[in-house]
Each structure stands twice: as structure tokens, then as C-alpha cells.
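Chain naming follows the written order as A, B, C and D, and within any one chain the residues start at number 1.
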Amino acid sequence: MKAKVKVTLKNGVLDPQGKAIEGALGSLGFGGVNGVRQGKYFEIDLAETDRAKAEAAVKAMCDKLIANTVIENYAIEIA
Amino acid sequence: MKAKVKVTLKNGVLDPQGKAIEGALGSLGFGGVNGVRQGKYFEIDLAETDRAKAEAAVKAMCDKLIANTVIENYAIEIA
Amino acid sequence: MKSAVVVFPGINRERDMMLALEATTGHKPVAVWHTETELPKVDLVVVPGGFSYGDYLRCGAIAARSPIMTDVRAKALKGLKVLGVCNGFQIITEAGLLPGALVRNAGLRFVCREVKLKVENNKTWFTNRVAKGAVLSCPVAHGEGNYICDADTLKRLEGDNRVVFRYAAGSNPNGAMNDIAGVMNEAGNVIGMMPHPENMIEPLHGKTDCRPLFEGLLAA
Amino acid sequence: MTAPKEPEITPELVAQHGLKPDEYAHFVGLLGRTPTFTELGICSAMWNEHCSYKSSKKWLRQLPTSGERVIQGPGENAGVIDIGDGQAIIFKMESHNHPSYIEPYQGATTGVGGILRDVFTMGARPIAALNALRFGAPDHPKTRHLVSGVVAGVGGYGNSFGVPTVAGEVNFHPRYNGNILVNAMAVGLADADKIFYSKAEGVGLPVVYLGAKTGRDGIHGATMASAEFDDKAEEKRPTVQVGDPFTEKCLLEACLELMASGAVIAIQDMGAAGLTCSAVEMGAKGDLGIELDLDKVPCRETGMTAYEMMLSESQERMLMVLRPEKEQEAEAIFRKWGLDFAVVGHTTDTLRFVIKHQGEVKADLPIKAMGDEAPEYDRPWVEPKKPAALDGSTIPAPNDLAAALLKITGSADMSSRRWVWEQYDSLIQSNTAQVPGGDAGVIRIGGKKAIAVSSDVTPRYVESDPYEGGKQAVAECWRNLSAVGAEPIAVTDNLNFGNPERPEIMGQFVMALKGIGEACRALNFPIVSGNVSLYNETNGQAILPTPTIGGVGLLSDLGKMATVRFKAAGEAILLVGGHGSHLGQSIYLREILNREDGPPPPVDLAREKTHGDFVRSLINSAQVTAVHDISDGGLASAVIEMALSSGLGVALEELSHVQLFAEDQARYVVSCKAEDAKAIISAAKAKGVTVVPLGTVTADAAVKIGSRCQVPLASLREAHEGWFPRLMA
């Protein structure tokens, strides 16, 4: 199975990258951009074929390694 | 409107971060991981209210700045 | 030999580069701020190292789209010499002046150390004072210097002798393809490299291996 | 939008703010009424240990802080020393221990960012950075994660900001399992007549906010830094601040440009307790009141309350008092660098700290009582017991000397830190004359002049005998500077200890400070800045007492600088200071015999001075070709490190294990041309310094001791270089 994981910064946590991109879009002439937040995206290829088990495994991977849960949230999608 | 953009490495482009995560998951005892690819994820807050216009604008942003189309693909979702 | 050094917010090796250029060519380079739209009349433009815009998004991505880069690109296409070092290499590559891309070091860590740099092509305006095959000591200091490109591009780069610098065997600090440390464009007027020759030109730096590179600018 | 109703002040709320009942009573007495919620927050931030130094002030006052070269001692953002030619060096060290334990990468970045700001706030361009790190046992489950995050964070910030990181320390000990130490030091260069201070001057002048926007980062950070940890530490997480080195680099350039324009009257960076601490300090120091209008504060998030704005520890921000006629020019500079600029208040003659938000007065406090007249304690302390003497002759020799040498060379504390410092850009700015790996980092100032920097402390010594350990930390730092040929000038410190409310801990603190003070006086090495980090405890287990000493020295001629690298085979190796006998608290005892006992080597400050001055004179007269001080691991480790850095071997005469591993102080290993050895020995004798020949440098890549012990350099190198990468693999 394939897991798709989005890791985003928690609300309120400063996102210097998003801020810089926002500024750059402005100077490139893109108007109407109210905000940009940058996160990470992972595609994980799993041998597991059981959906629930796969999801549980990926959740554990996120908690242990993939996300920094001090400042980040994550969302998992199993396909 | 809100745009969600996933930027992923093109097939065949080396992904040292994904590889490292794959390795680390292995040493943490997670079995059955066939591969990990790391990409980027963006949430862009737009003043635009027309869906098609928003999508076109974000596409232009991706081509011009957000993705490096030499090595990356992107996918846009408008919500 | 008149030169200009382009400065973006977050660039931090512009002083190093300007000192090196002045010490070796006798001319003080002009600093050009990124918001300017036209380069002064010079023989060489250098895009120095640093962390332009924090290297946020991708290294060099935001700087590559600054106003001044439009003119740098236009003049480069007309044959103006352009040297990009470290972040500067990333910037001119992002700007499309050189093929390929620079991605995260294979070891995933920033690395600052002296490497051995083999001069593969000594027929360029930057390498004409060193022997082909010469091995120079030169420091690197980067987190994303891993040069990659597609197979065709690589073949052309190698076939056209456009790999200017290569890390000597066992010295590759970042996993770059074919140990590539520096490349040039087809016309030969644009050169990009990850190592920092400007930090290896006087006795204080421990060695002066890279001084001839800058001295070569005078001959070119 | 109406602000949410503020909570009622209850004893629980007061306790949550870390104020003791008597402190709160004192506060209410000052006000003559119950404080508002915002006022309580401000008071808790200003009166906590981190900002007020309430437990340590009494003892800090006894340190020597003045000297010929001191322009500004403690009390400002950083200390300032005169290095001649109209130039000044501005430097300070600061801890970010607790935040780095919670989130190692961001904790370390914001620590480095904070100390860089302290230095450029005073008008200096940072030219060097150092980092002193202590982690728990290498095999503790959290250690690798912490090491990897902290090191990446230190590098991530300094590299991007553009300052060379040229020296530091890394140690491991189980006593840091629950409380790591991240001490960062920054050194800047300025014109001696263009230094900027935090003292506000003039009534009715604009108070200007500069830099990044304010978010809810680190609210309560300063309070957290002064709280003991327990198992619930993880719950305190949402306060994590994120560093933005790019913005800081822009802030540096903008500040230096602004200072050059003549617009700045006073300037203070926003560090711990952000807007609160910076505004109170500017006002209190200048005997002025400050009135702030929070509606003007640039915010990153919506709906921020007065309480949140006053306590936010968002990074990369500054507060300034500007000349009104220069306001526009100043604003233009900041806009050019893409930074926020807002007039958020003005100075007054009322000595009150007044905060207005959405038309309401949220706080109205006596500014002096919040700032320099905050409470102060004389905490009870007990003198630590002196450890029993350890008779060196009772300590057994190793069964296999070669194996012992390899084990020590490849041990957690003695192995190479290359894995760490290669992640730091040590070369940027083109002035680095010595990268990490030697006795001190060396940075050219211009022309022939250079400065040397080193940070040192041996926590196990301080634990065993705080007084001698305090002396030793200063002596070792002084020695490291001397060993490159620098004249040591001044010191910053970072005093990391446990809970000062425990008399034993307070006793460690008091005695270590006495030792530090005595050593600084004897070595003419004044303390010009520093930082105190207390409450480094988890579940009642305190860290090893760790008073980090950061020193700066001056080399007048870079051409004469010494390095640890042997230069040529055939040269003589000499031991300056004679053979040692102290094995108490030695690396040998710990690594080979599994013992951590005995007293640390005593420090004879007069000897230290004589020997150091002698070595410096040898360096200045170019009589020696390599120099290394002797510290951890004794003579054996010093010689091995010299051999490893040169790739040359040594043939030493027969030496006992006590001679090889004793950690007696005031000693150096030097090499010289064979024919010069005699003259050096007799010159030393005339000065009362014992110098003994040890052997010669050899082309044969091995360390030979007497006739029975021979270890190939390659094996030593594998041990030395291999430990750290293996740990982190």
C-alpha cells in the first residue's frame, strides 16, 4: 500500500520559509496572496496490505520520526 | 480560497532525505517499508474567489517559483 | 579586470569574495544590490556564497528571481562572464544559466572541510593558470551541494568537457554525480562551483592553492 | 473586537507564575493594589531567576570585573574590551539549556540567535562564535537525538547568519541525562568609540520596535528557563520558539546601518521576556518611564492579548530609542531590509512602566522596582566537603598500556569532535587562522592582529571540589589562549548549576564563584559579561556544576601564532611544568579503572602565570614549533593529539602511568628544533620553570613510549576519529 503523509507546522509556530515565499510571490507580481505555510510531504511505500494496519504503522512512524510533534502536526492518507 | 500544493521529486531523481528516512525507519524496527520519497507541501491563502482563476494563478506560481520543474512535479488542489 | 558582486539579502560571503577579487586582480569590485535592474559595465559578475533568503524554499530559488537577475541572465546570454560560487552556483543554476540542480548533501548534514579539487578543464577564463589535472586544496561549506542532472545532460557535460572541477577520489563531500564540483555552460562564459576558492588564497588560510584561479581572470 | 476577559488573580495563578508568596506580597505592597493579569505576567518575567539574577547577584558582585582593557563590564548586553588601535571586542555567553532539551534544533538556533543579537545590539559585527555543549550518557536513549538536533541547530543558525564557529566543547555524562547544556558565545568587533548601550536618555522620545513580527512564541519561556523539570516537561512544549537566521542577518545589517546613521540613542534586543524585559531595562537604566501602545506592535497572529504581547519571546526583534529627527531615515533602512519598523511608545519622566492596549491601561508599574531593584536573596548555603586525598602511588598501572592509550583516545570525552565542528562554517569572513581542533580558535582582526577564543570547564572537577574546579576552569581557558601565543584579556562565563534553593547546590555555586574570582584576579583576566542558569535539575537530580568560562586573548602578530601540529621529524619534545602526580578525577581513573573519585588537581595560580608567560615568550621569540596545553587525559593525550594533527610519530622516553596520565595543571607540551632544546631548558630554569625533555618527533607514524609500548598512529586515529561518527551513525 501507499501512504501519503502531510506534515504541517502547528498553528502559531513561526514559518520563516512560508513568510519568505509569500514575500517572493509578492515581488514577482502575484497579488492577493494572504499567506503561505510550508510543510513536508511524504510518500511511503508499504509491504502491508491491510489498510488499518498500514495506517497504524504510519502513525507510529510519524510520532517516532517523520514529524516533530513538538511543532508539527501530521495527516495520513492511505491509498 | 485556499490552495494546497504538493511538490514531489520527478521519478528517477535521487532523494537523499527520503533514503535516509527509509534507513532510519528500518533501524527503528519498522519493517516492510519499500521506499520513502520526501516532497514539499504548501498551503496558500488566496484573496481570489473564483476557483478557475485561483488554480491558474497557483499554477503560474508553481512554474515560476514554487517548484523547480527541472527536477520536481507539482499537484494543485483548490479548497 | 572590472568585476561586480551581486548581493541578495542573506548572502554572507560577499566580503570574502570581494577581498579575494581585490587582492588578486587589484580592482575593487562593485557591490550590486538585488533590487537594481542593471549591472554596471564590468568584465565579470560574481554571485557569491551565503544563504540568500535563508535558502528557504530551495537554495537560491528566490534570489534567482530577483530583479537584478534578469539583467544578469540577459548579459550572460550575450557572453558576459558569470561566476557563481556555492549559493551563487545554486542561484545561477536556479536561474537557468547552468543545467541540473543542487540538492541536499547525501550525508544530509552541512559540511565545512577542505577537499581536494581536480581541475578537469584548464581552458577556461577561471582555470587558465593551472595545469589540467592539477589537484587543489579548497574548502567547501554547504548543506546542499549535491549536483544532479539527467543522463543526457550529464553525457553532454562530460563529452563537451564542461565539468570544470571534480572532487578528487575520496573527497566528494556531498554525493554529487560523477564527483562534479563545478560546471560551465555551453558557451563557456558561465561557471558555477560549490567549493570556496576565495577562502584559500593567502597564507592565513593555510594554503594558497586557489590564488591562481583568480589570477587567471587577468589573463582571460 | 473585544479582548477576552482576563483571569482573576488567585494564589494558584500566582504560583503558576513562579512567584513565591512573599514575592507576591512585596509586589502587591509596591502597587498598593491587586495587580492585573498583565502586570502579574510582567512581574513574573522580571523577577524570575533568569532575568533578575536574584539568587546569584550577591556573589556575582564579588567577581573582578575591571581592568585596563575593560570598556564595559557586566550589566550591558555584552562586555566590551579595548584591543588597541581604536578597536573593541564585544562578547558574551548565554545558555539555552531548557529549550534545547524540549526541541533541540530550535532550542539551539534560538540560543545562537540570542547571543549574536546581544553582541550586535552593542554595535559590533559578530566575527566568531563558540558553543559549549553537555549531553547525557552516550547510550541514554535521548542522547543521539539531542546531539544531532543541537549540533544541526547551532550550525543551521550560525552558518546562515554568516559567523565562523571556531571553538567549543562537547562532553557526555549521565548527570546531564535530563538536563543538557547548550551554552553559546558570540564575539564581535566594533570601533571603541562607537559602542551602543541600552540606557535610554531623554524624555518624550520615540520607542521603536524593529525586526520580526510578534507571535505567541515562547510565552513563559523565561519562566520555564528558571523552573526545575519534572516528568511533565513535555507538556510545556507549546512555548517553543523558532529561529529565523535570515531575518537576523537582515536585522544585523539594518542595525549596523542605522547605528552608522547616528539615529540610535539606546538599543536593547528582545531576548528572554521580550518586550517586557527590553523596555523595562531601557527605562530603568536611564531613570525614565516608558509608555507603550500595544496597538502599534506588529503582530503575526490575530487577537493577541496584552499579556501575550508583553511575554512573547518571538525572535529577531529589537527595541530602540531614536532621535526623532532621524525617524524617517531609520524607517527607510529597515524597509530596505524587509523588516518591521513601528513606533510603539515613548519615554516619560514618570518612572512608570505603562502599557496601553485597545484604549485600556493594562499595566502601570514602578519601572525601577521591576528592573534593577528587583528582589535579591542571600540563599543559605553549605560549604561542600573537601574530597579525601588520593595517593597516586596506590593507583595501579594499566595491564596493557597500548590498549589503555587507545581506549582513552577513543573515549566519549576525549575523541575528536570533528563530526560536530565540520557542521559549522568555521571559515566564513576569510579571517580564520585556527579552526576547531587546536587549543583555541584564532580570528584575524586586520593586519597582523588577531584574537584567540576558547571555552572551558571540567565539570567533574567542579563537582568534586567547586573551589578548585572553579579555579581550574579559568586556568584552563587562560592556558588554551596562551598556548596559541595570545595574551589572555578577559572572560565571559555561563554558570550552569542545579536548584539554588538547596543549600548544597548554593554551596557549589558560592565556592565555584570564589575559585573563579580568585583565578581571574591572579591571572588579570577580568569577567566582563556572563549568564547564570540555575534549576538544571530533573526529579531532584542536579547536573554536574558547570561554570563555563569563555576567554578572549590578543595576538599582536599572527605570524607568531602557535599550533598543536608537530612540524618536522627530529624535533625535540619538551614538557613545560615538569611531571605530574595527580590522578584524582582523571580521565585515566574513569576510563581505565572505572572510578570517579579523589580531588581534582589543585591549581597553583602563581605557577600557572609563570609557566604560561614563559610559554608565550617562547612562542613570541619563535623558539618553539608546536605547543599544546595539558588538560584532560594528561601528558599522554596531549602528545597523541599533537601527533595525530601532524601525521608524525613520537618516540618518548620511558614514562610511568602516573606521569602519562596525571592531570596536574600549569603544564604544556612543546616541540622545538633539536639544537634549541638546551637553551630553552636553561632559560626556563632561570625563570624557575621546570622543563624536561620527553623525546623526539619521528617520521615513523607511531607513538612509542620507552621500549615496550608502541601504538600505530593509524590505530590511534581510528579510535580518535571513529567514536563520534559511530555514535551518530
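Please note the rule applied: contacts are C-beta pairs under 8 Å (C-beta built on N, C-alpha and C of every residue); 3 or more make two chains touch, one makes a residue touch a chain.
Not measured: the values here are computed from a predicted model.
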Winner on C-beta contact pairs when A-D is weighed against A-C: A-D
Approximate Å spacing (C-alpha centroids) for the pair subunit B, subunit D: 41
Separation of subunit A from subunit D, taking each centre as the mean of its C-alpha atoms, in whole Å: 36
Whole-Å gap separating subunit A and subunit C, where each centre is the average of the chain's CA atoms: 33
Chain centre separation (subunit B, subunit C; CA means) in Å: 28
Shared interface positions of subunit C, touching two or more other chains: 53-54, 56-57, 62, 65
Residues of subunit B engaged with two or more neighbouring chains: 64-66
Junction residues of subunit D, two or more chains touched: 244, 246-247, 338
All pairs of touching chains, each written as two labels joined by a dash: A-B, A-C, A-D, B-C, C-D
Subunit A - residues contacting subunit B, complex: 6-8, 18, 21, 24-25, 28, 30-48, 57, 60-61, 64-66
Residues of subunit A defined as touching subunit C within the complex: 16-17, 20-21, 24, 27-28, 38
Residues of subunit C that touch subunit B when the two form their complex: 57-58, 61-62, 65, 94, 99-101, 103-106, 108, 146, 148, 150, 175
Of all residues in subunit C, those that touch subunit A in their complex: 53-54, 56-57, 62, 65-67
Touching residues on subunit D, where the partner in the complex is subunit C: 152, 155-156, 159-162, 244-247, 249-250, 337-338, 421-433, 444, 558
